[in-house]
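Before we start, here is the structure in question, set down as structure tokens.
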Amino acid sequence: QQAKGNPVAEKFRSDFLAGKLTWNDVLTEAKKEGQVNWYHWGGSTELNTWIDQVVKPELAKFGIALKTFRVNDTRNAVDLVIADNASGKGLGMGSVDAIWINGENFYTLGTQNLLFGPFADKLPNSKNFFFDPKEPRSKLNTSDFGYPTNLQEVPWSGEEYTCYIDTARLKPADAPKTFQDLETWLRKTPGRFTYIKPPDFNGNTFVEEVMYAFNAGGPEPFQKRAKDLGLRNFIQATKGGFEFLKRIDPFLLGGGGRDGVRGNPIYPNSPDALQTLLVNGQIDMGCEFGKYNAAIQIKNGRFPPTVQNIIFPQKDMISNKNYIAIPSNSPNPAAALVLANVVSGIDNQFSKLSQIGYPLGIDPGRLSAADQEAAAKASLPLPGITLAQLGDNAVPDTNSSLVKVLEGIWQEYIERQSGKPLEQIIADSWNTQVK
Amino acid sequence: MELPKANPIKHLPQARRRWLGRFRIALMLAPAMAVLVVLYLGALVLAFLQSLGYAPLYQINTFPTLHYYQDLFSSTGFWQSVFYTFYYALIPTFVGLILSIYLALTLRKRFALKRLFQYVYKLPLMIPYLVGVSLTILLFSNGGIIARVLHLIGIIDNPVEFPRILYDHSGLGIMIVYIWKQVPFMTLIIYSVLLGLGPESEEAATTLGANPWQTFWYVTLPQIMPGIITGTAIVFAFNFGSFETPFILGGGFPNTLPVEAWRAFDDPEPARRLGAMAIVMVISVVSGGLLYLYIAWYRRFEKRRGRV
Amino acid sequence: MTIRERRFSRDGLTPFQRFYLIFFALTVLSPLIPMIIASFAFRWFWPDLLPSEWWASARHTLTQPIGWDYVFSPYSRLFTAIRNTLVIGFSVTLLCLAISLPAARVLAREKFRAKGLVEFFLLTPLIVPEVAIGLGVLLIFIQLGLAGSFVGIVLAHLIPTVPYAIRVLTSVFQNLSTDYEEQAMVLGANPLKTFWHITLPMIFPGIMAGGLFVFLVSSNVFLLTFFVGRGQVETLPTLLFTKVSSGGVLDPVTAGITLITMLPGIILLLITERFIREEVFAKGFSG
Amino acid sequence: MTELKIVNLTKRFDDSVVVDNVSITVEPGRLVALLGPSGCGKTTTLRMIAGLTVPTDGDIQFSGQSVLQQPPERRNIGMVFQRYVLFPHMSVAQNVGFGLFIRGISKTEIQRRVREMLEIVQLEHLEKRFPSQLSGGQQQRVAIARTLVTNPQILLMDEPLSNLDAKLREEMRTFIKELQQRLNITTLFVTHDQVEAMELADQVGVMFKGKLVQFGIPEEVFNHPHNSRVADFMGATNLIRGKIVRQEAGGIQLNISAGDLLVQSPGSHALGTEVIATIRPEHIDIVETEPLDKHVGNRFKGTIEQVVYFGGSVSYQVEASGLNLKVLERSTRMMTVGQEVILRLNPQKLWIFPEQA
Amino acid sequence: MTELKIVNLTKRFDDSVVVDNVSITVEPGRLVALLGPSGCGKTTTLRMIAGLTVPTDGDIQFSGQSVLQQPPERRNIGMVFQRYVLFPHMSVAQNVGFGLFIRGISKTEIQRRVREMLEIVQLEHLEKRFPSQLSGGQQQRVAIARTLVTNPQILLMDEPLSNLDAKLREEMRTFIKELQQRLNITTLFVTHDQVEAMELADQVGVMFKGKLVQFGIPEEVFNHPHNSRVADFMGATNLIRGKIVRQEAGGIQLNISAGDLLVQSPGSHALGTEVIATIRPEHIDIVETEPLDKHVGNRFKGTIEQVVYFGGSVSYQVEASGLNLKVLERSTRMMTVGQEVILRLNPQKLWIFPEQA
């Protein structure tokens, strides 16, 4: 139930979605609108700077003033859209033009029918993406955490969950390669590892990777929607993983170091907190999203040069994309389209990659050979591993309908140390989260 | 029958003035009252309605239901939160009070650089809590400055050996920030009450044979009680409802009630947001009720002693 | 002072009190030193007490501004935050004083039914937590379309500031004997002129003190700004919150912003210490 | 010149009657002192006249015109407060000029009149100073100047001297007396100090608990108090109980503990009435040796019980056959404790009033 | 009984000398009044004796023992402050009992002694009240009771009456006098009111700007001031300039504007010295008609210029060939302005001191 927008904007949308407008019409309209409000996670100074340095002048060329809102949590932007809509502000009247989004938040907007519409393939730069459903490489562009994008958002960056070690304390050869290795290593040297606490998505992802690794069927069942998967299968798929998490709990940083003795295990709240532990020498290994993360942190002085990436867990490294979405009550829809187009341009994607280590959102397969070569050149060297290795071990993300369930189980079973049987905890969480 | 002699002229101005006066009082109170009634009382009423299940904003209307309160009270995490909220609020109030009283007493003395010190001690009062948080992180984190100094002098080897002060349920980091920021506030209040008191009654006690400790205990302390009561009440209420410090420096689940309220409110699931409102109501009622009892107790105490 | 005076006098500090004051001054001032160092660091790893590489030597090797370069660049939004903090602070101060003055005057001077109730009500926001108010106000503002706007933030800031202002101003009015105003009236001044020529100049220091206090509270408030601002209006506290809430090590930019966030308070303290007279406080908080 | 008349003035606060049916007329150009103990309603009366407090009942008239309906700023009165109440943020000149400034008078005119006024109060050299830089007496003079500069029709003074120290108080008394006489301004002067009232006033009103108990010229009030409360308040501490035994042209004969007492006080009393006679300590004579005309007047033998030296005067406590009398003398001679003396009570200085419950 | 002796007591604050080399001995059981204008260092002297302020120099001895090293609470002194300083959070009984309570005395004993003390100050019925519920005089009596209950060896009183109103002040004066004599306690009493000092003290010390200018029995100080500042302060406002022309056994002959003046004041002065003679207003006699012995004594013809009626006394301003003299008389007769009179200045009441720069 979208609120009614103002007639001009509504007409623009229907015309644009119907393909009645040329891109020049869009540019003209965008110039009239004059500005665009982009809400994005603002926790990275590099990204913030890059947007101001690169995207802003680019949009200015089209007569559009870019206003970025650095939110702490993308949810805030989604809330704003919902609230605006609830108070009757439709297209052309809200406050959010574009959101950097993926997963659950997109799912929220999608299920509440608060998206502008299928625009992704109508941008000039849609040529840089596979959108054809028959093409397997289009999967990450058309499905976001298992939820179909319906072309209502356009990818602008990709990521992969990657781990790093400090070779000053842990030789790459001794580094674990699988979760079994990890457990062995932890039992030998307790306290040298920990992972980010769910519900931070970096924490969720670690849990998901554990689930993949301990499920006989691998990642496959986790791609399904909860309704399609069913509780029984879900218990089957997750039990092993959670038992593993429970086993290593006492051997994590601060965890007590012995079976059955729970100290005070530390699960850092955020990637920053995790990095701090590594830099302080409290742990030797950490995992988070960001292929180029270690490289960038070394470059910016936050990591010592002795830090290297490792491939862990082999064959189960979650990889995904994130997107630009336009909400249904965007005050400047045309300018939002221009923004989406600009950030998916080849030059800007390359610049983003080379300057701040944010991987390409566009598909290299759609690029010319020269461009592909340029892309390779633009990317930073990865310490200790190669891009190809990353690609070989990549697996897709978990369906967003399951994420909350996993989160709930982790909190109850690990964080709150509930005494209930694991199966019941799983069932409880399933029942509260799956509607 | 004799009619009473009417004298309208004489009584008219008086009547008019009184009416005007009443009207004027209402008029002058109106702006401040309006702001607080609409925003503050309105906010509380709205939160209360939501906690009872009335939230058209999220297309939820199960009004009235105690469901959200029942959920809350039946979860063990909530009661732990209650405990931590009290714990983090009470200890710094108490410790800070003792430090403040002593500092205020010391400030009355004559000493070199007193003027300068008057500036220095008020500094934490002037800057946001978040700055205190930031300073605490820099100093007290496991790899922080203090740990490094301890390493330098050979007391610890590894940051792991440094006691956990931040991100821990002991709440030491939270309390350090509170105390650091609130001691100046309480000191200022107590010091100002002391200034108003003047040294005379203490001198009188001294000439009557009371030693410094007796003088403090029997003469000074009872007289600065009003300042202490206000100071501790404000500080406790603040700590009880404080968000950013426990949010950043706390030990995660279960955290203080305000943080839990925020977490719940931050959830995309609307029903959880109504749960947040239930927490909010609990915080308000507990904090308001406690302070009411505290002040009522103090009033009675004072009344018994003939004051007020 | 002669030796004898020093020896027998109780006016001076005991050795422990001297230590206590020094300790206190140190706890306030000494954290600034590592904070300044941190703001100039580039590589600073455990267990070094000083950075192994400084900002000054690293700043030219990178394409993006780092450390202080970033803090002072437009990318940090620091100046926007400062401007917002000041604009909000001053608006709140003016508005708050404007609505608190008449109320304080009435509370200080007049007797009326329900006065106790009104007084109590005007003070309760001091004891009801900010989260409670913040969430509720957000709900109201969402409905009024004020969420995320300056006006909304200014209005929200009135909630914690009005009680303080009323308290301070009430005591100011109580301290001002009605004699002066009555004298002016007897000399022929009507109520308006009396207020303008007599009352206002005489309570000016009190107004300053109250105003400062309001400004201080407003510029320190995080939660209400954060809730009501919805990430759309950034002030110094919200900027700093974004930086420190990740729970990581304090990077040079955060250190720099921390230092800058302290500045308004320090400046305010320096220029106004003489207005924050303890006496004003005494009346305001001992009742 | 204006006549000030208050008629049946009454003020009730909540349930207590603070001013109770008081009527006073101050003739044009005269100074009336309102005398009474603390809390008796003096200030309240003054404030009602000024318009700062609204009377519960009664009327206030300036030259026969009721002013009840006029707000204070329109009554054109001058009021000097107990605590000077100078505006601390204005200089002496600004303080004095305030009343004129408010009336929109031109700057030069204000300057002229302020200077003139400051000359009268002899403070022309201090016009640039601020109140905090003045002594108490100077402040009070500024307050008076400020009040007088607007040529008020009525001057009200509320214990203007009670905050000054003894020496200054005396100086200011003289100053006010002279000034009031020079300017000839109708004045109501409130005080709780009998000496002040006596010295300054053309007429004195004595108030107790909101009621006007006595009104008359100073000597009358001083020497012939209406009742023992007034007597006590006026410092006539010698109260002698007695019964009227004879009444004739020459005076009234009382029977008191020490014998007979002749009183030349007007009024007629029934024989046998219990009354109180009073005489001021300074009106009793001490005779060291028995004089010649042994049986003339009221003479009593007594013993000096206490001697208190006050500087200029000496006070003796004398016990004379059951009477305990206080006598005040100039300190030209000194008697010693235990000395036998004879007291002479001048019948003309004695005064009687009925005994009270 | 204790003797209080201060020797060369000096106090310097920063750069100003507030008490300058003051030595006073208060004999056991006596009351000495320290008299002086505001700011002359009276309070500071008292505080040094109490131990509340540490002297810069000099010594304080109780019965010959220096107490400099003892903290105030061990000196066993009683001090009554100008503003009573009762503990507002304690009842009257608790206030009075505080000193005993502090000494760890048993509850019943405290109760007994408090009751006893309250009886002495006549406040036994108010023991449950709190200070805020008492009048000024009652508060001051509680303060005194509180001080005396511990049997202090020395009693220090700092202008204990200056906050009371005239009538109360007089009552309290008598009360203190009696009490002090009854208890026989060595007392140092600070005041700026000459009358108070005269009335109460066995000896009076006059301080100006930190210096003890004169010390002696009240009459001496009152009638024979050391210099014109003291004279003025003591209310002897008649200052007569003159030159010494003759000096013989009978007295000193001065040449003044109005003629010759005979003074019977001790001390020898060089002929031709410019001096000031002083006489108190109450020591001048007014003679209405020329008496018989025409040429005896200092007589001057004069005209009455002003008459001020003070109730018990009348003050005249008399102009007599260049002299402007104030005369105070009992109000048994009244003269009128313009009346010609003859003034008689008793040579024995005249007093001279050298003229000052």
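By letter and in written order, the chains are A, B, C, D and E; residue numbering begins at 1 in each of them.
We adopt the following convention: contacts are C-beta pairs under 8 Å (C-beta built on N, C-alpha and C of every residue); 3 or more make two chains touch, one makes a residue touch a chain.
On a predicted model such as this, the values are computed, not experimentally measured, just so you know.
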Taking each chain's C-alpha mean as its centre, the one farthest from chain D: A
Best-connected chain pair, where connection means C-beta pairs in contact: B-C
Intercentroid distance (Cα basis), chain E paired with chain A, Å: 92
Mean-CA-position distance for chain D and chain B (Å): 56
Numbers and ranges of chain C residues touching at least 2 other chains: 10, 46, 142-143, 241, 245, 247, 249
Overlap residues in chain E, where contacts from two or more other chains coincide: 71
Numbers and ranges of chain A residues touching at least 2 other chains: 83, 86, 268-269, 273, 276, 279-281
Complex contact set, residues of chain E against chain B: 50-52, 71-79, 81, 83, 85, 87-91, 98-99, 101-103, 129-130, 132-133, 146-147, 150, 156
Chain C contact footprint on chain B (complex, rising order): 21-22, 24-25, 27-29, 31-33, 35-36, 38-40, 42-47, 50, 57, 102-103, 106, 109-111, 117-131, 133-135, 137-139, 141, 143, 145, 147-149, 151-152, 159, 167, 180, 183, 188-189, 191-193, 195-196, 212, 226-227, 230-231, 233-234, 237, 240-244, 247-248, 258, 261-262, 265, 276-277, 280-281, 283-284, 287-288, 291
For the chain E and chain D complex, residues of the former touching the latter: 38, 165-167, 177, 192-195, 198-199, 218-219, 222, 233-235, 280-283, 308-313, 328-332, 346, 349
Residue ranges of chain C touching chain D (in the complex, touch as defined): 177, 179-180, 182-190, 193, 197-198, 201-202
List of chain E residues in touch with chain C within their complex: 53-57, 68-69, 71
